[in-house]
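Labels run A, B and C following the written order; every chain starts at residue 1.
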C-alpha cells in the first residue's frame, strides 16, 4: 500500500502562463477512409496536420511564446525548459535547447527532452512543479508537443495529429491556476511502442483499451480523488487524454463525470490526437474559458504506460492574462482542408523524395 | 592624368562552350584583342570574373591568363559579381589614366556550364546577401521578381508591358553572329513563357552561358599612331548601394546607377540627350526599366513606357542591347561588362552590320553587380 | 550542399529572435545587425530584438527553387517592412500565393528554413504569416 502516493510540493505552485499551437491544415477522417476503406468516416471528424516547415520544435516555440506572453515574465527567469514528445526532429540533440534559444532563455537553465508517449508533456509538467516546488527556481516551462505519425492504412492514421501546449509553472501567488495535488501512476504495459530506427509505431490493437488507457487513467484519477476526498460533482471541468472521442467519454462516464464537464476540454474530434499535446491542450482550452474558482481535473495517459492526474484551481488572475495570446479556439478556427495526397507530401510519407 | 583609348577588341561567341575550358576561353578572347590592337605584349592583364572558383575550381585567373598567353605582364582577378567585366575595365582605366602603365588588357571571362543548372543557380546567388537574402531561399531570379512585382504594383504596369525589352534584344541578337540566341521572339511568346518566380517568366531572364571578351587600353595620345580605329573612354564611374535590397532606402531606385551615370555625364561633359545608344544591363527586363530610369532616360516608373513606345529599338530615341544585350547575346556574368564595351566599340567604329546605329558617336555601357550594389558606367566616343 | 553549421549557429539570435541593434546615437533600429549605424555612421552595438510585426512590401512565388529548398516549392518570398522601420527578406508561410497582397499585415514565426539532407542539421529561422494576434474574439 503506497501511503505517500499523493504529490504536493512543499512550496505552493501553479500555472503562471499557458499557451498552445495547432497547425492550420486539416485532414478529414472521410479522406483517409476514401483512400483506404472505399468511403465512410473515422473515429474523429478531422485531424491537424503540420505543414512542410513545421515540426515539434516550431510547435513548441509558438506554444511557449504564448505561455510567456500570458505569464508576463522575462525568459531569463525560467530555470528549466522541458519538451515532452515522441516526435522530436533530432534523436540526439534536445528540442529543449532550441526552444530555450528561440525564447531568449539561455544560458542559465536546465533543458532536456522527455519521452513517455502521450504523457511526455505531463511528465515535464510534474517535473516543473517539483523544481519550482522545491525552490530550485521560480519558474519552469513544461511543453508537450508532437507531429505524430500513423502507418499508412493503419487505424492510427485517422487520429495521429500535430499540435502542442506549454505551461509556465511558478509560485502559487502568481498563478492563474494553482496546483491542489497530483498523482502519477506507471507500469510496464506494452500497448504501443516504436523501436529505434523504425519510422512508424506498432500497437496492440484492443490491448490498448482496458489494460492500458482505461486501467491507468482510472487508477490515477481514482487514487487522486480518494486522497482529496473529492467526488466528480466537485469539479467544473475534467480533461482526459483523448486519442479519439470514445475513450475519454467512457473514462469520464465511469468516473461519474457528465458530458458538460468534459466537453470544453475534449478537442479530438476537431484536431485529432496530438499525443504529448493532447490532454494538456484540452487543459489550455479549458483555461481559455474557465471562471475564477473553477476546479479542474486533468488526467493524461501515455503508452508504455502511465497516467498523471492533477487537480487545479483557477484564480482571479485568469481574467487578466488569458487574452494576451491566441486561444485554442482561434487556432482551431484557422483551418485549411487538405486531401490525402497533400497529406502524404507534408508528412514525408513519399519514398525517394 | 591622361585620356585613355581602346585600341583593340576581341570576343568569343557566347554559347554553352562544352568543348572549351575557361583557360581556352581567356586565351581566345585575349589573343584576339591583342591581334586587333596589333601589339604583342601589355603591361598588365586584369581579369573580370565572378564564379571561376566555385564552378571550375580554378581561382588565380590573372596568373593563368598571362601564363597561357605568354605575356610578360602583371595580372590579377577583379570581382564585382556580374559587374566584374566593367570592374576589370575600370582597373585598367585607372592604371593607364594615372600614367603608371601604358598598355593594359582588360579581359572578362565566365564559364557557367561546367556545373548543373541547380548548382549554377546556387553559386550565382552569392552576388546577393548570403546571410540575409540567399539563406531565406531567395534565388537571384526571386530578387528581381520582388522588384518587378513592386514596380508593377506602384506604377500600374502589367507583365505584358515588359515584353519589348525581350523582343528588342532578340531582334538585335538575330544579327549578331556571336550572340547566344539569334532568333527573334514575339510578344505572344513572351506572355506565354513559364513563370520561374512570379512575375518573372523564362523570357524575362538572361541565359546561363559561357564566353570571354577583351579590350586593349592605351593612352589616347598614342592611340592614333597605334591603330586606325581607336575609341576614347570619355567617362568611367562607379556607384555603390547597399548589398541587400532590403537595406536600400528606395528599392525601386537603382541609386548606384544614379550615382555612377551622373558622375559619368559630368566627367564626359554630356547629358542623356547626347547618348546615341545605351548598352544597359538587361539581365532581367525589370533591370532594363530601372536602369533607364536611374540613368535619366525616363522618370521613375516610366521606364516601361519607353519600351512600349518603341524608343528602345535601333530606330528609337534610346537604343538598348544593340547587339542582343544580356537577354539575347547572353550573360556570361563576369564577362558581360566587357561584351558591352566590345559591342559599343563596334558601333562606334561603324562595324555593327545590320544593327548599326547611323552616325554613332557617343555610346554608354552600364554593368550592374548583383541586384544593384555595384554599378559601373562607361561612356565611349568615336575618335 | 555542405552544411554551414558554424555560419548558421552564428546567426541564431537573428534568425530565432529577430535580434537587431539600436543606435545609441540616433535611436535608429537596425536589422540585420551591422554594428555601424547606416544613418549616422556611429557605432551601434546595443542588442534590440524586433517585434516581428510588419507589412508585405512586395512578394514573389518561387516555382523553381534554389538548391536545398526544392522540397518546399512552390513557396512565396517577400520583403517585409517591419513596424520599427527596417525591411527584411523572408518567406511567407501559412498562406497561399493567391492570398498575398502588398500591404498585408504579417507577424514573425519560427519555422524550418531548410535541412541539409537526411543526416545534416536543421536550420530554423524567421518566416512571416498573416497576423493572428492575441485573442481574435
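Here is the rule we use: contacts are C-beta pairs under 8 Å (C-beta built on N, C-alpha and C of every residue); 3 or more make two chains touch, one makes a residue touch a chain.
Being a predicted model, the structure only gives us computed values, none of them experimental.
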{"item": "Per Cα centroids, the chain farthest from subunit B", "value": "A"}
{"item": "Chain occupying the most central position, where position means C-alpha average", "value": "C"}
{"item": "Distance from the mean Cα position of subunit C to that of subunit A, given in whole angstrom", "value": "30"}
{"item": "Centroid spacing, where centroids are CA-atom means, of subunit A and subunit B in whole angstrom", "value": "60"}
{"item": "Subunit B-subunit C separation of Cα centroids, rounded to whole Å", "value": "32"}
{"item": "Residue numbers of subunit B (touch at least two other chains)", "value": "none"}
{"item": "Per-residue multi-chain contacts in subunit C, two or more chains", "value": "72, 91, 113"}
{"item": "Partner subunit C, residues of subunit A touching it in the complex", "value": "24, 51-55, 57-58, 61-62, 69, 89-90, 98, 101-102, 104, 322-327, 329-330, 333-334, 353"}
{"item": "Residue numbers on subunit B that touch subunit C, as the complex places them", "value": "118-119, 121-122, 125, 129, 131-139, 141-142, 145-150, 153, 194-200, 242, 244-247, 251"}
{"item": "Subunit A-facing residues of subunit C, complex", "value": "12-13, 16-17, 49, 71-72, 91, 93-94, 109-113, 122, 124, 127, 132-137"}
{"item": "Complex contact set, residues of subunit C against subunit B", "value": "1, 7, 11, 14, 32, 38, 57-69, 72, 75, 77-79, 86-91, 97, 102, 113-114, 123, 125"}
